[in-house]
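Two complexes follow with chain A in common, the first pairing it with chain B and the second with chain C.
Coming up: the complex of A and B.
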């Protein structure tokens, strides 16, 4: 039993901006930092003001998620001037032979230029050079904790993260799960609501799909149309085991971006075995996203071969909702019509070789 | 037996040494890629994804043009495991071209993630399969050397070009000399003669009458490699700067890049070391070395930093973000300008910006003590050509010194190397003819 006064004194305050990898790794970070006796502060949901601040500090060609990261970071610093650290992890590669987008690689360096930023808490995930547990030990050092404690924290965090993923695979939405993580509740599935008649796969980076401001609450729009949707987080683990070979007959090249690889694996599943499980695919891309611009091209061409409807939506900091709504509505309408026509006799399915 | 017509992207002068790589192989006919023009680029833009980076579009356009008008169906293209998009180019370009109806397109991937692991030799194996003939091992060895040597001289010529142009008394004389030299280099395939090409370069440049007293402004010219080399894309920015009377120090070329991938480039290591504080790792593109060369040229007292990159290039944007938003004027005081090229902007807008930048540098030189008091140092290349010509012995020493320092740097690696993989690749390749296939190396 520790005395409450002591813990209050000792607890280090760490801020986490609600952007980029937050939507992917937050449960892991939270458990890891809490096991290391840190107090966590999270920035609020993205709003117009945050984006504006981010846009003024970023410059033209940056993609919108990074601009939002700037905004969230500055908001966090403004709201909590007493922060000891700001948690800006550097994700280089999570699995061997893979990378994240170059913007993640240089994130802590780019952040330094913002005004009034407190000390950066570094957490470098680079499996090419050293295992993640080493990174956790380094993190512990910065927080003044010993090696054993850091390793234990890493184990706990990994366990919790696995639980979280298991919960997602049961069919929970990421936003729901993140909320449960944030208020520290056990993972329980909500009651099933009325089912829609068609089912979409919603593709894209976590920070594009689950940030309700950047995509103008896209998930709600789909729900309003009576459409069920799943994201790649809800898919079974087995389909993410074997890597996708981009050109099977040639030099056997792989795609080397981690998240794009997951997207491709999911798509491969739905192009081959899981063809009947969904009615369409929507890919949300933020403007000037490098990896997605190439991957979307490959996916689009594969989709054409199989005949699965595919909608690619590119988002930037504009907030015009009507255009987006029109596109979604017409896409849904098109699929409904197609489905009605197809119930009589399904067209013979084509198989695909390259994915 | 088929005579395979092979081609590649032109990339400025780079076609010279790429042709060296496929020189005199049985059954292979190398087609010179034509100069890039508006038509080619617009073809590429039409068929590319919307916001892919610009080199992708240019290269795709070149390939389409080669396929349609030059009957080329086999292309050599790089492939990578790097963090940036360049590694995926070939695969997607092939896919796009197949969907356009060019069903018999073939790509030969030059794996460039690490040249030391000999994975790139696969190109020759694939070509052997395609032509149905065997390439002698010594020819492959010779071609590799040709590639390296020619790449070295191309880099050297373009580097000297940037230094000389601002000094020339008769306009366009430099351009003429460069063209002559490139022609000579293109037609010379004898390694012994090429080893002495340094002297030819110096002699040719010596013909240009120059202003010897001149102390021009100095600019560090960096950026993403493809846009730096391809003159259609960058509107020959180097030439424009030179005409304005600015001494351009070109930082990178393909040779430098190959050296880096062989882990033999001392210069890149030095730059990396300088930049470590700001960018601790290679994030793709040239971002790390750009930072390094910015800091280095600032130390040397240069007047400006000119950085060009394709629109939406991820690593270069990260670098630009670091530099552009840098408020710490003690460490980053040298003026810098960034050009984001996407092929559609007219040159006049660019010229205005260059002129403004030029005026800024002139003003700095007059008033800013940080630049005013810097002593101008004549570059070594200029000295060697015009002021103190090298003796025969010095030429001999320098021709040996360069490869020696390369080998020495390679023997002291800074990156991890999977030796087993290298040995496996090497043995697999050189034993493809017979069990003791390595023996054929000694038939030289």
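Coming up: the complex of A and C.
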């Protein structure tokens, strides 16, 4: 029995924290790493303990999603002391002239200060400097794989990722789809459940919308109130083809931030053709997020022009359920009453008795 | 038992009308309102709840039982709750409907001023602005991370400079000079007030400066980026403060309407919502007897997952020692505060 064990080398074990870009790229990473013969483990759903650990190790300037990344990372290391690598990719630029937040760029360097961190597996996406295939080859090297194998893995991963996106565009929610990826099931849509009478566009970074702990299970709150929602992942690809010019009459500025650009592109669609497809827009923002707060203001102005109700919700680790619920319920109720044309004042003019 | 601090009661002794009850349980106070079929406010109370919504609601119901006609219970055809404890109180008294306070306030205000466009609402712990058009809410905002300028802060400052909060408004009106106070943050406002006192300004001027600072803060933070149209209606506990009302009028350049029942507008609105919701059907209201139930609050730490929620539950007093809160038992009235919603 000893012989096969010696020939078949133990698979390299790679840990992925369930935070930040996980909600955007996990299917791609999973396929890529598995094609390179790595074994993947991911950290559990975010919980109070993970947030606490993250907050203790993060410094004050950080937003809560990055602190959660710290917490998830430390949890992963604690649960799996036998990890060979921790996968901390560096996403600089995925599309030309469009960048990710500096807190993301510096992640692989910054997390080195955390206690007990194993070797870091690098994967740098920076299309301005080199194509992603080069990054894949570099990744392969670190796992002891040759160039051809790495290029093939990249091709397979991209193919799988495209399928994943096609599935989302069919209407699957990101959380559903990620679950299917995790348990290695084919992408099939669940049976359509009863429709709500209101439809929202839910905006925000994946790690804010799809991490059910930080947003106090926001999507469930919408569902409980009979509200359907879509996210920008569900929208047709064509929307994201043309760049958004922020001030067409002025300096013709384009968005610098990748994800914010996608949000603005989606908004452009609902300002024009898609105006009647939704009843309102909710934007989940983590406290102290600079790029988001910038575009929130731009979106608010646009929404006023077309008369779409817009609600901005800022979250941090102290977010209370009561305040959140009051805002959401009021927003839903406002739209519902508007649709039904329910007023109090005009219909029954009052005669007030004086005391 | 706490007597309500504000009482309005124009309910006649022989009630033959259908009545609707609205209860607004906020962070600082509990408000009750009874209306009739024509949305006329017949009974209203305002009570400090000292942070215990259940006891305060029970006391209010008890008080109603005492002062109101005997057939009041039968006449109540619908009950609505609002405020931060709306779900808890709904479960407690069997209310028909629990709606957020923004909607309740909007309904209340537009019942009195049908063409209202802007509602300025400042309560104990939060402040909101509600924009309306043609009787429909079009936009709203609440203070997010900062409670500067709410009732609690004014209370605190009143105690500190030894001016009863009720007289704040009169003091501000008597001010002879302008004092500029930093209102961006209560910490700065307080230290600014102290230094202005030491520079020899009168209490009157400082209070006026404080009112103006709070209004500026409210307009810049809560109403930021929103275009405000008249007519303006000002309600919530702080509307009692004529200093703030005047500061609003100065800043906005328009008259600001404060209705005589400004302090129960949420409860009033929620009573109207209950009427709208019940619409002839039978109410699920448990009746005023809820006030006699001896209820106790319990809590336990749920260890089923890493979130370690502290689950709270409401149980009959006599069964308190018997149950742990985890079991299925008739004595347990309601359970809440778990993240997963399991309890």
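Just so it is clear, the second predicted complex is superposed on the first by the 331 of 355 C-alpha atoms of A that agree within 3 Å, B and C clash if a C-alpha of one lies under 4 Å from a C-alpha of the other, contacts with A are read in each partner's own complex, and residues count from 1 in each chain.
One rule holds in what follows: a residue touches a chain if its C-beta (ideal position, glycine included) is under 8 Å from a C-beta of that chain, and two chains touch if they have at least 3 such contacts.
These numbers were taken from a predicted model, which means no experiment stands behind them.
Participant: One more residue to check, A:334. First (chain B), second (chain C), both or neither?
Facilitator: In the superposition, A:334 touches chain C alone.
Participant: Considering only the touch criterion stated at the top, classify A:297 as touching first (chain B), second (chain C), both, or neither.
Facilitator: both
Participant: Identify the partner contact of A:47: answer first if only chain B is touched, second if only chain C is, both if each is, neither if none is.
Facilitator: After superposing on A, A:47 lies in contact with chain C but is clear of chain B.
Participant: Output check: A:309 vs chain B and chain C. Expected answer is one of first, second, both, neither. What do you get?
Facilitator: Touch partner of A:309: chain C, not chain B.
Participant: Does the superposition put A:247 against chain B (first), chain C (second), both, or neither?
Facilitator: Touch status of A:247: first partner only.
Participant: Applying the touch criterion given at the start, work out whether A:92 contacts chain B, chain C, both or neither, answering first, second, both or neither.
Facilitator: In the superposed model, A:92 contacts chain B only, not chain C.
Participant: Looking at A:322 after the superposition, I want to know if it touches chain B, chain C, both of them or none. Which is it: first, second, both, neither?
Facilitator: second
Participant: Can A:123 be said to touch chain B (first), chain C (second), both, or neither?
Facilitator: Touch status of A:123: no partner.
Participant: Could you pull out which residues of chain A sit against chain B in one structure and against chain C in the other?
Facilitator: 287, 297, 314, 354
Participant: Would you tell me which residues of chain A are touching chain C in their complex?
Facilitator: Checking each residue of chain A against chain C gives 44, 47-50, 213, 216-217, 287, 297, 300, 309, 314, 316, 322-323, 325-327, 329-331, 333-334, 337-338, 341-355.
Participant: Applying the document's contact rule, which stretches of chain A touch chain B when the two form their complex?
Facilitator: Residue list for chain A touching chain B: 57-59, 61-62, 92, 97, 99-103, 105-106, 109-110, 113-115, 246-247, 250-251, 253-257, 287-291, 293-294, 296-298, 301, 314, 354.
Participant: Could you list, by residue number, the parts of chain B that touch chain A in their complex?
Facilitator: Per the stated touch rule, the residues are 49-53, 79, 81-85, 87-88, 90-92, 94-96, 99, 107, 109, 111, 122, 126, 278-281, 283-285, 287, 311-315, 317-322, 324-327, 340.
Participant: Mind listing the chain C positions that touch chain A in their complex?
Facilitator: Going by the criterion above, the answer is residues 8, 10, 38-42, 84, 99-103, 107, 110-116, 126, 134-140, 142, 144-145, 225, 260, 272, 276, 305-308, 339.
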